[in-house]
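Shared chain: chain A. Partners: chain B in the first complex, chain C in the second.
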Partner chain A sequence: MTDEPDHDPTTKRLGFFFWLCVGFIALVVLLALIANLLPLPDPTFQNYSAPQNAGPGWGHLLGTDDLNRDIFSRLIFGSRVSLVVGFGSALIGMLIGGVPAMISAYRRGRTDTFLNTTSYVLLAFPALIGVIAIGEFWGHQLWKITLVIGIFSAPLIFRVVRASTLSYATRDFVMAAKALGASDRRILAREILPNILPTVVSFGLIVVATLIVLEGTLAFLGLSVPPPTPSWGNMLNEGSSLLAGGKGQTNPWLVIFPAGAMFLLLFSLNVVADRLRSYFDVTEVKL
Partner chain B sequence: MGRYIAKRAVLLLVIIFFVSVASFFLVHLLPGNPAVTILGPNDTPQNAAILNHQLGLDKPLFQQYFIWIGHVLRGNLGQSYTTHQTTASILGQSFPIDLELIVISQLIAFAVAFPMAITASRRPNRLFDQVSNSSTFAMLALPPFVIAPVLVLLFAVHWHVFPGPASYVPLSQGLWTNLHAMILPSIVVAMGSVVVYFRLLRNDLIATLQEDFITMARSKGLTDRRIMWRHALRPSSVSLLASVGITVGGLIAGLFVVESLLQLPGLGYQLIAAINQDDYTVVQGITLVVAVSVVLINFVFDFLFTIVDPRIARD
Partner chain C sequence: MTAPLLEVTDLHVRFATPRGDVHAVQGVSLELAQGRTLGIVGESGSGKTVLSRAIMGLLPRHSAAMTGSVRFDGTEILNAPDRQLRKLWGTQIAMVFQDPMTSLNPVQRIGHQITEHVRIHLGVGRDEAKETALSLLMQVGIPSPVERYGSYPHQLSGGMRQRVMIAIALACAPRLLMADEPTTGLDVTVQAQILNLLSTLQRDRQMAMILVTHDLGVVATRTDEIIVMYAGNVVERAPTDVLFREMSMPYTEALLRSMPRISNPSHTRLDSIEGRPPDLINPPAGCPFAPRCPYAQSRCHNEKPPLVEGAVPGHSYACWFPIS
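Our next item is the complex of A and B:
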C-alpha cells in the first residue's frame, strides 16, 4: 500500500479554534479568581467624581454605568455569578442526578422504573417557573440560587447519564468483569464510568451553558442575586431599564458589554462541547 | 397504538396531578403573609386572624389544596388579593398576548428555517450550508435576555424601526399598531426555534436525499424541485414535528424576557408583578395554567408524532 496517504485518517484533531475557545473560558475563570488582586475599582463603588454613563475611555476602560460605577470592574466581578451558578449547579446536578442514574441503569428493576418515570414527571415542570417560585420563598443568595438550579437540572442529567450507562451495562466486557467476580462498585467506577465520561463531559458543558442562561434570565427579570452585587444578567437588566427611557437617560454600553461577554462565554462553551463530542464520537470516524 | 396512547394518557394525568400539587405548594412557600399585604395599615393580630379565616388560610395545607383544586376544576382560580380582579380574568387578558407572540414567532421561525434548510441540504457542506450552519450555531449562544436588549437598542431606540417599550395596543384597537409592536418581541422569541428547526430539517433532508427512492425519482427524470417538495420533505419533517411541542415549552423564557423588557402585559409580566405583590392566588393560577399548557402541548405533539410515524408506538 504505497499510495496510502501519509496521514492516518482515523486521527482527529481538535483544531485551533477549539483551543481558542478553551483559552477564552480559562481567561474568564482566571480573571474571576484573581479579581480582588487586579488594580480595579470596587465594582459597587459609586464614584461621584467620575462621569455618569460615560463611554469607553482611559479612566474607565469600558465606561461607567448610571450609578457612576466602573463597567469593566463590574464585568469581571459579575462573571463570578455566572461561573459559580453554571459549574456549581451542573456539579450538584451530576451528584444528585448522574450518580443515581448510573446505579439505576446498571441494576435496572423497579427502582429504575420508578426513577425513570419520576424524571419524566419532573422534566415536564417548566424549570424557569419552579426556580422563580422557590427563589421567591427562599431568598436570592448565590448559594441558594445555585442549589435550586442544580436540583432542577438533575432530571435532565439523569436521563442522559442513564441512557449512556444503559448502552454499556450489558456489553461483553462488563459481563466479563462480572464473571470474574468484580463488585458492582468496581464495575461502575472502572468499566462503565470511563466509557460514558466523554459523553457526560461534553453534555455537561452544554448543561453548564444552559444553566448560565437560566440564571441570566432570572437576573434579567430581577429575580436572582440582588444588586448591588454585579452579575452579567443584572447588568443587562440595568442597561435595559435605561433603554425603557423611564429615567431619561440611555447607556448603550451597559447593554453591549455584558451582552457581548455573555455571548462569547456561551459560544465558547458550545464550541468546546461540540468539538469534544465529535472528537470522541467513534461512529463518525471513517474506517 | 391504542395501548400506547392509553399509557401516555395515564402518564399525562400523573404529571398534571404532580404539577397541580407543585404549583399549590410552591406558592405556599412564598414569603410574606397575604393578610398583612391586604390589611396594610390595618394590620393587627385580630384583623389578620379574621382575614386568614375568611381566606381559609388557617386550615391545614392539604385541606386547602383540595378546596383549591375543587374550585379550579370548576374554572374558579380565585381572585387577586390586591386588585380584586379574578385570576381567570387576568389570564383571559394576558393569555392572548402570549398566544399571539407564540403564533407569530413560530410563523417567522418556519418562514426562515424551511427555505434555509432546503437550500442548505441541496448542496451539503458547500458555502451556503456552512454559513447557515455557523450562524445558527452562533445563535445558540444568544439567549433571549442577551439578544432582546440589543435588538431593542438597535431597532427601537437607535433606528426607530419598531416602537419601544410600553407601546402594546390590543388587537381590537388596530391591527397594524398591534402587529407593529409585536414584531420585535416575536423575532426575539423566534430565534431559538429557528436554530432547532433548521438543524433538524437540514440533517433529515440530507439523510433522506441519499435514500434509494430519491435516486429512483431522479432516474425517472423528475425535477429537483418536485423531488424536494413531493418526495423528500414529508419523510424529513417527522423529527421537526416532534420537536415543535418541546420547543413551545422552551419559549417560556423568551416570552418572559420580552414581556418584562417591553412591558407587554402577558402571563410572564403578570406573574412577576404578582410575585412582587405577594399575590398568592394569581401566582398559583398562572403557574398552574402555564405548566399544564406546556404538558398538554407536549402530549398533543407526541400524539401527532405517532400518527405521522406509527413506528414510535411499537417500542
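Our next item is the complex of A and C:
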C-alpha cells in the first residue's frame, strides 16, 4: 500500500552522473568562450618575475611552465583549439557527409551506389596520414586543420547517417507521407530527420571525442596549430620532455593538467553520448 | 455515359530479381466511376497490393517496370514523374495503409501530422488548419478530439490510429480513396467500425473508393463491383450481387468456402485451398489456378483461359469450365 514506487519504473531518467558530465562540458565551453574576459594572464606571456616550473599555488593556480607561462591560462585558452576542431570538424563532417547520406539513402539508385562505394574507399584511407600530408602542404592554421579533419570525418558520418536513414526510408509512414503528396525535402526534414536525430546526435558526440583525440595527436607531433598558441596537444608535447628530468628539470604538472583536462572532457562526451543513446532507444522500454 | 474517374488498361508490373522477372500484375484492366466502390480480393501474393500501389505510382521506380495505361480523370498517370503525381497525391487520390501501427510518424503529434498536410495542400493558416483537423478528428469518430490533437501515435489504440490515418487521407477531400487492407491489423469489432466509417464518409463525399482485401466478407456488403485476383491475373470480375449469385470461377468459390461460418456446428473443419499460389517468375503455361483447382482438366493445365464475358452483363471470368 505505502511502498508504491515514487516513479513509473518504465520511464527512464538520465541521472545525476549524466548531468554532471553535461555540466563539465558546459563549463569547458563557457570558460573557452569568455576566456578573454577572465582575469587571466596572457597564455603566451613569459613572465620572468614569476617562478619557473612552479607547482600549483595561489599566484598561479595550476603553476607555471618552464617558460614562466601560467598553466591555468594556457589550459583555458588551449581548450579553444580542441573545442573548435572537435565540434567544428564534426559539424563540417555532418554537412558534407550526413546531408548527402540522407538524400542518398532515401533516393537509392546509382547515386547511392556511387557515394556508398566512395565512402568505403575513403574509409580505407588512413585519416591521420592524410591530415598530416595535407597539413604539410597547406599550413597549420586552426581553420585549415578543422576543415581537413572535418572532410576526413565525413565518410564515417556518411555511413552511420545512411544506415539509420535506410532503416526509416522504407517505413510505412514515409510511404504514407509520400502518398499524401509531401515533397522529398519535406519527407527528409519532417519524417526522417526527427527519427534519426537521437542516433545522429549521440554518434556525433563520439565523433567529437574522436576528433579531439586526433587533433591532440597532431598537436603532440607538432603538426597542428603551431606554438606559441596553446593547445592541449602541444602543451603535452612541451611538457613531455620535462616529465622525468629532461633539461635537468622535472615538472610532471605540465603533462598532468592538459592530459587530465582532455581525459575528463572525452570521458564526459562519451558518457553523455551513451546515456542519450539509451535514453532515446525506444525498444529498451517497450513492454 | 461520362468517362470513368479511373481507367486502368492492360497494366503489367514486373520486378527484376536475381532469379528473374517477377510478373506481379499480368494485364489488369478496370474502370471506376465517381462515387463507386470497387473491391479487389485475393490471397497474399495475388498482386492486389502491388496493383493498388502501381495505380498510385508508389512503387520504387528502379525495381518495378510498369506497362499499360492508368488514366485518372482522363490524364495518363502511369510512369508519370513524381513532380506531376505529387499534384494528385493527397488532394485527388489518397491512400489508407494496411498497418496503422507503422503508418503514422512516431515522433510527431497527430494534430501536427494532420495540420501539416492540410497547410501544404490547401495553403491555409495555422488556426484554420487546426480547426479543419479538429473537425476531421470529430468526423472520423475520435472521442475528445481536442485532447487527442496533442497525442503521439503510441498513445492511441490501433483502431484510433487507423481513424487518424483516415482523417489525414480525407483532409484534402480526395476524389479517389485507396484503402489497402485497412482493417487487417485490427481486431474484428474495430474492423466493422472502420469499414462502416469508410462507407459513410465515402457516401457523404461522393468519393470513389478501391477497397483491397483478402476477405470476401469485407467487400460483400460495401462494394458495387468486385475484382478477384489470383497470381497477378483478374480471374473473375462482376457487380457484387452478381458475383455472389453466379460465381463462375472455382477460385472465387474456394475463397468463399475457406471463410469460417457462424452457422457451422462447432469443430467443423475449415475448408482451405490446398497448395500454394504459383511462382510468378515461372508461371504455369495454363490457368494459374489449375494446380490447385478441384475441377481442373487437361486443357486447364495447357492453355491459359482468357477473361470472357458471362451471361450477365458486367460479369466476366477466366475459366474454361466455369461452375454454374
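Everything below uses one rule, namely that the second predicted complex is superposed on the first by the 275 of 287 C-alpha atoms of A that agree within 3 Å, B and C clash if a C-alpha of one lies under 4 Å from a C-alpha of the other, contacts with A are read in each partner's own complex, and residues count from 1 in each chain.
Definition applied: contacts are C-beta pairs under 8 Å (C-beta built on N, C-alpha and C of every residue); 3 or more make two chains touch, one makes a residue touch a chain.
Bear in mind that the values here come from a model prediction, so they are computed numbers and not experimental data.
> What is the contact status of A:Ile256 with respect to chain B (first) and chain C (second): first, second, both, or neither?
A:Ile256: touches chain B, not chain C.
> Check the residue A:Leu14 against both partner chains and state whether it touches chain B (first), chain C (second), both, or neither.
A:Leu14 sits against neither chain B nor chain C.
> Between chain B and chain C, which one contacts more residues of chain A in the superposed model?
Of chain B and chain C, more residues of chain A lie in contact with B.
> Of the partners chain B and chain C, which touch A:Leu147 in the superposed model: first, second, both, neither?
neither
> Between chain B (first) and chain C (second), which, if any, makes contact with A:Arg190: first, second, both or neither?
Second partner only, chain C.
> Quick check: in the complex, which residue numbers of chain A touch chain C?
108-109, 171-173, 175-184, 186, 190-191, 194-195, 282
> Mind pulling up the chain C residues that touch chain A in the complex?
It is residues 56, 58, 60, 62, 82, 86-91, 94-95, 97-99, 102-108, 116-117, 120-121, 165, 168-169 of chain C that touch chain A.
> For a test of understanding, state which residues of chain B touch chain A in their complex under the given definition.
So the residues of chain B in touch with chain A come to 11, 14-15, 18-19, 22, 26-27, 29-31, 137-138, 140-150, 152-153, 156-158, 164-166, 249, 252-253, 256-257, 260-261, 263, 271-272, 275, 283, 287, 290-291, 294-295, 298.
> In the complex, go through chain A and note every residue touching chain B.
Answer in residue numbers: 117, 120-121, 124-126, 128-130, 132-134, 136-138, 209, 213-214, 216-217, 219-223, 233, 236, 239-240, 243-245, 250, 252, 255-256, 259, 262-264, 266-267, 269-271, 274.
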